[in-house]
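Worksheet for the structure shown next.
Read from first to last, the chains carry the letters A, B and C; within each, the first residue is number 1.
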């Protein structure tokens, strides 16, 4: 019998960088007794992203952030929108270069992530923020 | 009782830049009497994108487009595929760097966008185009 | 009557570049007798992407790969995580700049792709790999 469930997860980031949420998401699926279906995540902000990336070596997350920091430098003189700080417009660009939506099939109660995949909120601002992630499940 | 609905939205762009479609999408959900569920948008083109971004200060959209214009310059000599104009291959690259699919949970009849989020078609060609967006809703 | 189906597709890549999977995906939908609904694809890896791009001129795919090769150079000295080879961290960055999830409405048994759109696995490593793509369908 198909059914759906939804939830909002609040993630407290500690400033720029990747914050893993895989366990929170898996726990919520377990509480819903989700077996087979489709899980959707949507981050309700424009200066942070959702990302699926390697969960093994933390250097990978450090290097990702270093690359994006060089590609989209803070305080770039190309921007007109500068009132909210030197990292605000770069945060919008980093969000546009990545994504705020994820869609994951669920199999035997778990999202079908690969062995090395984790789900992350990528904070693009230097300051800590509370980030809201809408979760939706449809299935059995 | 779960059900689904689909539609095609035609968006007339006025050349390179972001064109908001949030109201069209919300209106369609209202017409479907959608309450709780999942909304999917798919743009059927390879030289424009779908983007969720800030809907407040228009300078943010201007700056996004300025950054992408510098990152992916028109007329770049790296390209072989140049017959369709100096902005054609850059449009494909900008599309690859962003996305053509969005998935949004729907709650109380509305997509769960954040306060500052709007849904945009990002036209990457300089000329105006008609862009087709497939909409799909599943839920109650 | 709404129902769902899932599958895992294994794609053998031949090294860096785009590998089309549109036919495999369409065939699977046909086998499921899918008519109207939602198709989700998830690539279970962190050094390859899923991409919807032009299926006409092969130069477009060559140019996309050339642009990304210059934007995210192999052997970049910015990286700390280098043990798995000069193309490993660039593969993670290229994955972050693109996506590993796609969501496509299905209409009359086919994904609602535009005329020039194909579905690709984008291998970012130089060596050939087996890449697993989870497929999920919900609908009628």
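One rule holds for everything that comes next: contacts are C-beta pairs under 8 Å (C-beta built on N, C-alpha and C of every residue); 3 or more make two chains touch, one makes a residue touch a chain.
Note that this is a predicted model, so its numbers are computed, not measured.
**Student:** Can you give the rotation angle that fits chain A onto its twin chain B by Cα atoms, in degrees and rounded to the nearest 5?
**Tutor:** The C-alpha superposition of chain A onto chain B needs 120 degrees.
**Student:** Please decide if copies chain B and chain C contact each other with the same set of residue positions, more than half shared, or with different positions, and reply same or different.
**Tutor:** Counting which numbers both chains contribute, under half are shared, so the two copies meet through different residues.
**Student:** Mind checking the centre-to-centre distance between chain B and chain C? Centres are C-alpha means, answer in whole Å.
**Tutor:** Distance between chain centres: 20 Å.
**Student:** Quick one: which residues in chain B touch 2 or more of the other chains?
**Tutor:** Each of 2, 38, 71, 97, 99, 101-103, 138 in chain B touches at least two other chains.
**Student:** State the interface residues of chain C toward chain B in the complex, per the touch definition above.
**Tutor:** 2, 36-38, 51-54, 57, 59-60, 62-64, 66-68, 70-71, 97-99, 101-105, 107, 112-117, 138-140
**Student:** Within their complex, state which residues of chain A touch chain B.
**Tutor:** 2-4, 6, 38, 40, 42-46, 71-72, 76, 78-81, 89, 92-93, 95-97, 99-103, 132, 134-136, 138
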